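Each of the two complexes below includes chain A, the first together with chain B, the second together with chain C.
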Partner chain A sequence: MTPFLNGFIITLLFLSGVYAAAVMERWSVTGHVNWGGPVRSFLLLFAREEIKTRKHDKVFFETAPILFIGVILLTISILPFAPGSVIIDLGTGALFINAALVYVMVALLMMGWAINGVYAMIGGWRAIAQLIAYSMPVVMVLTATVMRAESMFLTDIVESQKGLWNILYQPVGFILFYISALAIAFLPPFDLPTAGGELAGGVWADLTGARKLLFRLGRLTLVFTVSAAVVVLYLGGWMGPWLPDFVWTFLKTLLVAASFFAVGRFMPRIRHDHLLEYNWKYGVPLALYNIFQVGVVLLL
Partner chain B sequence: MAPLTQYLLLLGMGITTAGLVWMLYLIKQSLGQTLDEPGKDIPAESGNLAPKPAWLRYHVHYYGYALLFLAFDMEMAYMYPWAVVYREVGILALLDMGVFLMILFLGLIYTWTQLGLKRQ
Partner chain C sequence: MISVQLILLIIFGLAAIWFGWRVFMTSSMVRSALSLLGSMVAIGILFIIMEAEFLGVLQIMMMGTEMSIMAIFMMMYMMDPGGLGQMDMYHQKNISIAAGVIVTVLIVGAAFATDWGTIATQFPGPHEQNRLLGMEILKRSMMIFETAGVTILTGMIASIAVALSIKNSVEK
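Moving on to the complex of A and B:
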């Protein structure tokens, strides 16, 4: 297969994956599977008039959606779908995932600030609290995967899992990264910036039209991105029998995304001070233990 | 691929994304203007008319965590290069970083004992 055709198929798979994520998101809220739903929401938001709140911050109001969707697309572009099919194979891949996804929360704070509404502003401050809570476990478990691969190239990290996937090699790290991935994508148990019931939509409450569309689209891509990151770092990436390699990445990614939404459907929202407390009291020590465990096993 | 090309690609992707978003804004603008109706531009506040701006002093009650976060984040900057050469250097690397992490971890424990790890 030529590289061009390969890239074309992967782009199609990526788009269909995001669409599937949209269908699953709808299911996680309503409990119904509606295959046409995302198209309808898209047309609705596309045709809706643009309402800007009075006294909004003009610069942040325009740039926050661009930053949000921009960093997510940069992150997906460095994740490998197959050995030869990675758009940009960065030498600092594992670090770049973390560094880029931090800006998701920055974009949320910018949007919350820009609207100049009370609920949106509280949503923005909570976004930063959430970042402080999940960031440390994420970087620590990422370090543990880098230790095993002896390289920060994401392709090397996948290659290092030949024989034994990281989910079995460092199960503590997997659990921490899985929970943190939910928090990065601010999915339901951790949807503090956009809390539906208490903040009436929080950061998103006052957005209509193009900006809401960008945020919704960006969030769906973000869910797909963090699922792909879980697959690359812990579930052996493209490894699997019979099927072509990128199909394996795609199937695993969809499975992880589905599990994200399933978790969100059956979990109550966690309070943000509890989130901070649990992450720093139990998450960080567990992440340190994970580094220690991987370090000892590597030297044996 | 040369590293410079990669970063140029990243820059190009960023610019392309911004361009696409700008196009979307332009298309939306050409589709129709917003009707000027009273009360439409007031931010959502459950029926209140939001008299003042929301850019007030806010009690960021997680400042203790934020300070801890700074300390740990600095430490993480050293962790990445360490992790790459870990297996090469061997037991010495484990001890070096172990001592360093232990000192930081004691800081976490100390904060915990001073009731820093709860809502202020």
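Moving on to the complex of A and C:
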């Protein structure tokens, strides 16, 4: 197949994956599978009048949704779906994942602050505490995968898993990255910035219409992106028998995304202080242990 | 010699200066902190344009976290929730203008007085740069980086230890 056709199919698969994530998100909240639901929500939000709060910060109010969705698209563009099917193959790809996802936090902070409402602001500050706490172990476990591949190219990291996938080579790193991915995509049980019950929607509380649509769409893309990152870093990327390589990436990504939503469905929301406590006191030391373990195994 | 690289360099250089100027012209701490973030990101992009990819990505990543932390701390100390306080971002206006002018003259003078040598046309690719950086950190500069690293690690452990709640037995 030509690279162009490959790219087209990958884009289609990606879009359908995001749609499937939207269906699963609804399932994780209501428990019903509704295939038409996301389309209806999309049309509803698209057509709805935009209500703005009084004295909102205009600059941040306009830029935050665009920054949010922009950084997520940047992250997608460096993830390899198949050998040769990566938009930008960065020499510092592994680090760039975290660099881009930090700006998810900046976008949430900007939006929460710009709305000038109580719930949104608390949501924004929560997002900061949560995402900083969880980007620490992310960098450390990424370092461990880079140590094994001896390269920060994400394609090299996938290639390094030829004999044994990283999920078995560095299980501690996988568990930490998986939990951190949930926290970075602020999915339940870590959905504190946008908590439905206690903050009435948090950062999104006062948003309606197109801006909310951009945020919802961005979050679904974010879920699919962090799932793809889990696949690339720990589940052997495109490796698998029989099927074409990008199909394997897609199937694994979909499976990881489904598991994210399943965790969210059956786990209660974690208290904010507990969330930070677990991470700083147990997550960071475990991530350091993971680096140590991988280092020892590599030297043996 | 005008190339795309040079044009981008000028655009993002000007963006960095503009955001830096905005830091002092806003009326709230959060806007100020995020303007500084904009300036730092523009500098990170300058690094990437100048083929120092690792440095650029690192700059963009670190500054995103650092400036957000700065914003939240400023908010905690100054209490200016919605940016409606109309704060001034500068004080001692005359002294600061004088200091600004003197430092600018010094920096521009230093930039013109320095012999920058010839512009490198051959440079290693990003992967090789990362490797060389690793070698540098683990060989010649090991002492410096290890000292800094251990200091930061000590700080991290100390702050976690301070945050631990010590369960005293409550007297009844």
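What we mean here is this: the second predicted complex is superposed on the first by the 300 of 300 C-alpha atoms of A that agree within 3 Å, B and C clash if a C-alpha of one lies under 4 Å from a C-alpha of the other, contacts with A are read in each partner's own complex, and residues count from 1 in each chain.
To be clear about the criterion, a residue touches a chain if its C-beta (ideal position, glycine included) is under 8 Å from a C-beta of that chain, and two chains touch if they have at least 3 such contacts.
Since this is a predicted model, take the numbers as computed values, not measurements.
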item: Combined model on chain A: chain C and chain B, fit or clash; value: clash
item: First (chain B), second (chain C), both or neither touched by A:Lys281; value: both
item: Touched partner set for A:Trp125, first chain B, second chain C, both or neither; value: both
item: First (chain B), second (chain C), both or neither touched by A:Leu254; value: neither
item: Which superposed partner A:Ile10 touches (first chain B, second chain C, both, neither); value: neither
item: Touched partner set for A:Leu176, first chain B, second chain C, both or neither; value: neither
item: Touched partner set for A:Gly201, first chain B, second chain C, both or neither; value: first
item: Chain touching more of chain A, residue-wise (chain B, chain C); value: B
item: Contacts of A:Leu109 with chain B and chain C, given as first, second, both or neither; value: second
item: Touching partner for A:Val232 - first (chain B), second (chain C), both, neither; value: neither
item: Touching partner for A:Gly70 - first (chain B), second (chain C), both, neither; value: first
item: Intersection of the chain A residues that touch chain B with those that touch chain C; value: 55, 90-91, 95, 113, 116, 121, 125, 128-129, 132, 135, 151-152, 277, 280-281, 284
item: Residues of chain A that touch chain C when the two form their complex; value: 55, 57, 59-60, 90-92, 95-96, 98-99, 102-103, 105-106, 109-110, 113, 116, 121, 125, 128-129, 132, 135, 151-153, 277, 280-281, 284
item: List of chain A residues in touch with chain B within their complex; value: 46-47, 49-55, 62, 65-66, 69-70, 73-74, 77, 87-91, 94-95, 113, 115-122, 125, 128-129, 132-133, 135-136, 139-140, 143-144, 146-147, 150-152, 200-201, 205-206, 209-210, 213-214, 272-273, 276-277, 280-281, 284-285, 288, 291-292, 295-296, 298-299
item: Contact set on chain B toward chain A in their complex; value: 1, 3, 6, 9-10, 13-14, 17-18, 21, 24-25, 28-29, 31-35, 40-46, 50, 53-55, 58, 60-62, 65-66, 68-69, 72-73, 76, 79-80, 83-88, 90-91, 93-94, 98, 101, 105, 108, 112, 117-119
item: In the complex with chain A, residue positions of chain C that touch it; value: 30-31, 34, 37, 53-54, 57-58, 60-61, 64-65, 67-69, 71-72, 75, 81-84, 125-127, 129-130, 156, 160, 163-164
